[in-house]
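In what follows, chain A forms one complex with chain B and a second complex with chain C.
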Partner chain A sequence: MTRSVHPALIVLAGLVFIFLVGPLIIVVGAALSNTTYLTFPPQGLSLRWFSKIFEIEAFRRTMVTSLQLALLSTALALLVGIPAAYALNRFRIQLPGWLSTLFVLPVLVPELVLGFSLLRSIAVDLDAPIFLSLVIGHTLLVLPYVVRVISASLASFDFSIEEAAISLGSPPLKSFFTIVLPNVRSGVIAAFILCFITSINDVSISIFLTGPGISTLPIQILAHVEQFFDPTIASVSVLLMALTVGVMAIVERTLGLTFLTK
Partner chain B sequence: MKRFAGWLLSAPAILVVVLCLVVPVTLTIVATLGGPTGVFAPYLSFFASGFRRTVLWRTLQVSLLTTAIALVIGFLTAYVISRAPGWLKSILIIAAVFPLLTGVVVRSFAWLIILGKNGILNSALLSIGVISQPLTMLYTQGAVITAMVYLFVPLMILTLSGVLESIPDDLLQASASLGAKPSATFLQVILPLSVPGLIVGAVLVFTGSFTAYATPQLIGGESQMVMGTLMYQQAMVTFDWVSASTIATIMVVITITVVLLMTRVARRLNPLAV
Partner chain C sequence: MTVALTIDNISAQYGQTKVLENLSLDIAPGELVSLLGASGCGKTTTLRLIAGFLQPTAGRILLGGADLTRLPAHARNIGLVFQNYALFPHLSVADNVGFGLKQRGITPDLRKKRVAAMLERVGLEAFGERLPAALSGGQKQRVALARALVIEPPLLMFDEPLSNLDAKLRVDMRVEIRQLQRANGTTSVYVTHDQEEAFSISDRVAIMHQGRIMQLDTPETLYRRPANAFVARFVGFENLIPMQVRSRAGSSVVAEGPGGVQLTLSQDSYGKIPDSFVLACRAEGLSVSTDTNIEGIPATLGLRTYLGRAYQYQAQTPAGPLIAHGALSSPIEPGTAARLVPEPEQCTILAPE
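Then we have the complex of A and B:
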């Protein structure tokens, strides 16, 4: 069957492509400009705004905080999320149906509300350190991705293989690590990437949980844009985009990009 | 035994969600009830304020328009993706995924450069002589909607191309071989089969734009205040936590109502489910 598409739709797709990619190209162009103000097309090429990022202490500090936060909350979410996803699939009949809904709650509750509630209850009432509150917030933010992605991988896993190993005398924990986990490896990678990217870009939760001395990179960018309108922001944005390109390359190599449309 | 193992393994995740999400959010909601001046006093004062009613109305308007525009663009693009040859398909999917993985701040910032007074759009329009004075485009409702559509179209494209890909080719061939024109196949076969996906996409975009913060803050500023930015201002600038909690509760109620209602509608309208 010929897969013919109306020419007008091709034109539309082209326009959508420009609409989606154009603004990001503009940011890259603005980052390379040699001027002290934001402009596009760039006037004179220079990388000086990139070195400027690392001269500004606030950017260096928040970059480190954001990376630590993303890695820590992703690790925590995987740590509690993988056993939960396993239980949801392995013991589906024994567990109540609302349990999987519970793990979707962080998606259902608006992030701003979660951030504000964590500020009220955990940072203020319990007097918890700000960084700890951020870790809690981001762990909740990314937990649904872990549970959903790992559950999807486990859905096609045949648990009788694991049972065979156990009945042949392999300890349950060992069976999990040597039989179940390797089979959902691509799910774990995908979950890790989604969590990391989500955490590092988050604004709505972090905006309430940044206090004196502690802030994340996106929050710092927001604060900077409101004060100065110079190409530093464009170059920080390009750094973040480079991170995204790196991540997309990993996704493409391990899972294929069509994975994301599922 | 099995029941016990299941609970034991999911216990850490349950504890995290209950203690760090359910309890704090419930406390926020409870804080708005039972004040000294009556149970619903914070809500009465919210709706008594003309300014706040305007903000709520504006937020609804912006998010509904964003959803509608994103639906049209997203559906047509997803349709092209589902029918396109391999290379075009990959290019379009990459074009959709890349912005999605780029942060909200970066993507909103791009529109600051485009729509600013000395921005690209104004410079371009000035240089070709369409306008003689730079237009004020930032801090308008149109700017907020444009940036929000930009934010959510990729999500819509990915949601819908998944749905369109899952429509069996046989159905389209059957429709064509029975004499339906491509437009009829589109309107009578593809569109009805996509309705549940369209609803899911619409819910995602509506709830996302209704509770957005970064984009309206950067592109809309004070003059285009929405629920998210109003809530932040109440909580962190004026330190009126009861008022912030009230806005938070209104956001939760509207979001969850829309999600529950629309998933039910989507299930009912699914032509494949009997």
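Then we have the complex of A and C:
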């Protein structure tokens, strides 16, 4: 069976596709350029700007910091967010309605304000170490995603399934891990990826909380752009994309990305 | 009688709302008792208290003589069958059934054997490797039943297990449940809002209303001799007529109802009649007669509906609107004056409210 598709639809879909993919192609192209300045299309192909990144110590260091930060804050947010989402859904009737809204509030506050208030409170007043402040800030930043995404998964979960497990002799905590968690796995993976990407790309909170000796990759990129206009930036960006895609690939291999098709 | 399950004076509340008040119930070994009532009557709350998902504010629950009241739900060893099956979606049918055995530390070999035997008993031996999503509603309910039975619990509880199935399957499944329960001799509590289901499957039925048991009896007794007006209405005694005894002669009693209605009733068929009572009659227990010279409740017939086995009439009487049945052979036009005659087989005597 063939279906006729309106030509305008094809053109429109093509334009949207270009709009989405175009910038990525330009960045990748610019990163491969042999010139000493950012340009597209690339003139001459070279990987020299990629090797340049690793020659700049600040890039190496911040890349590691960003990775650690993203993994740690994501893990913390999952650790706090999954039980919170569970409780919010399991006891929805008994809990006041505003409680679930509370977990979304950090999204409503402009990130710059959140960053500044964190600087004022934990970094200055409590004199917390820079990396710890960053972890706290990023955990706060990504926590709403965990609660929302896991809540969405749990909303369709029938809690009598958990009761069935308990009635069959499985203690509540064990039932949570063997019965509830496997059934919201897709939500957990989605939350993980969202959090990781949000954290590793974050500028507005990090810019307040980074300090002497410790910075994140996006902040380093920002600092670099202020001084240089060479393709290093493009190649770092490509590397950042590759890193994110790499993490998603690992997640997909180990846990499966079935949630994308569900 | 020996008792398997004792519910001793339990009360429960959600927040400030009292759901159960001083409810007591004894169930004999191997007996199937239904909790029957409309939603909000406390039947599901009772089940959840026994299962351990809720804590009573007062009272005790004993199973086989042991006090369960403070025992956590997972340590109670009670088999549960849920309305929406509650199968583990990520586990195969065999793993669903084997879940309880695994919790009990049964070795994989023995587990496999017992799961296979159980699946065979519910006719699903070929479905062990499937996921629940690939099963029909009836098959899912069989898996749920197998999963609850395989742990050989001393008590099996059903929470509206058939209400998600279509009518035909519902009847088949309830026979199957009853046969399995009988064969295993498992003491069972069955929660439902469906009267026919409760009556057909149970040894005894507890009719519940507003957190109390209105009557606990065999289906036959409930159907023929309800203890009070609530149960009478519940089991289909549509006509309740309050009456006073005016005179007694031998076993015969003359009683008077509202609007001066006079009836002669025989204690031989109704049992002992107190001075003040309520005459409860099913629609088929009031037969319509156009002979206005006989004794009966004077009535003006209203709307006539065809029921297949009889005509049903809405009748206006001095005792208020009543529902009566008339023979198929002679349909009567609305507006006709008639007498409604109580048939003792389909009527009973209640204490006044």
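By our rule, the second predicted complex is superposed on the first by the 230 of 262 C-alpha atoms of A that agree within 3 Å, B and C clash if a C-alpha of one lies under 4 Å from a C-alpha of the other, contacts with A are read in each partner's own complex, and residues count from 1 in each chain.
The rule is simple: contacts are C-beta pairs under 8 Å (C-beta built on N, C-alpha and C of every residue); 3 or more make two chains touch, one makes a residue touch a chain.
Just so it is clear, the structure is predicted and the values come from calculations on it, not from any experiment.
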Touched partner set for A:Ile53, first chain B, second chain C, both or neither: neither
A:Ile179 touches, of chain B and chain C: first, second, both or neither? second
Contacts of A:Ser117 with chain B and chain C, given as first, second, both or neither: first
Chain B versus chain C as contact partner of A:Met248, first or second or both or neither: first
Touched partner set for A:Ala152, first chain B, second chain C, both or neither: neither
Contacts of A:Leu71 with chain B and chain C, given as first, second, both or neither: neither
Chain B versus chain C as contact partner of A:Ala164, first or second or both or neither: second
First, second, both or neither for A:Val188, with chain B first and chain C second: neither
Touched chain A residues, chain B compared with chain C: B
In the complex, chain B residues that touch chain A: 2-3, 5-10, 12-14, 16-18, 20-25, 27-28, 31, 73, 76-77, 79-81, 83-85, 88, 90-99, 101-107, 109-114, 116, 118, 120, 150, 153-154, 157-158, 161-162, 165, 169, 172-173, 176, 182, 207, 210-214, 217-218, 228, 231-232, 235-236, 241, 244-245, 248, 251-252, 255-256, 259
Contact set on chain A toward chain B in their complex: 1, 3-6, 9-10, 12-13, 16-17, 19-21, 23-24, 26-27, 30, 37-40, 79-81, 83-84, 86-88, 90-91, 94-95, 99, 102-103, 105-106, 108-114, 116-122, 136, 139-140, 143, 147, 197, 200-201, 203-204, 207-208, 218, 221-222, 225, 229, 233-234, 237, 240-241, 244-245, 247-248, 257-258, 260-262
Residue numbers on chain A that touch chain C, as the complex places them: 158, 160-161, 163-172, 175, 179, 182-183
Chain C residues touching chain A - in the complex, by the definition given at the top: 51, 53, 72-80, 82-84, 86-90, 99-100, 103-104, 144, 147-148, 151
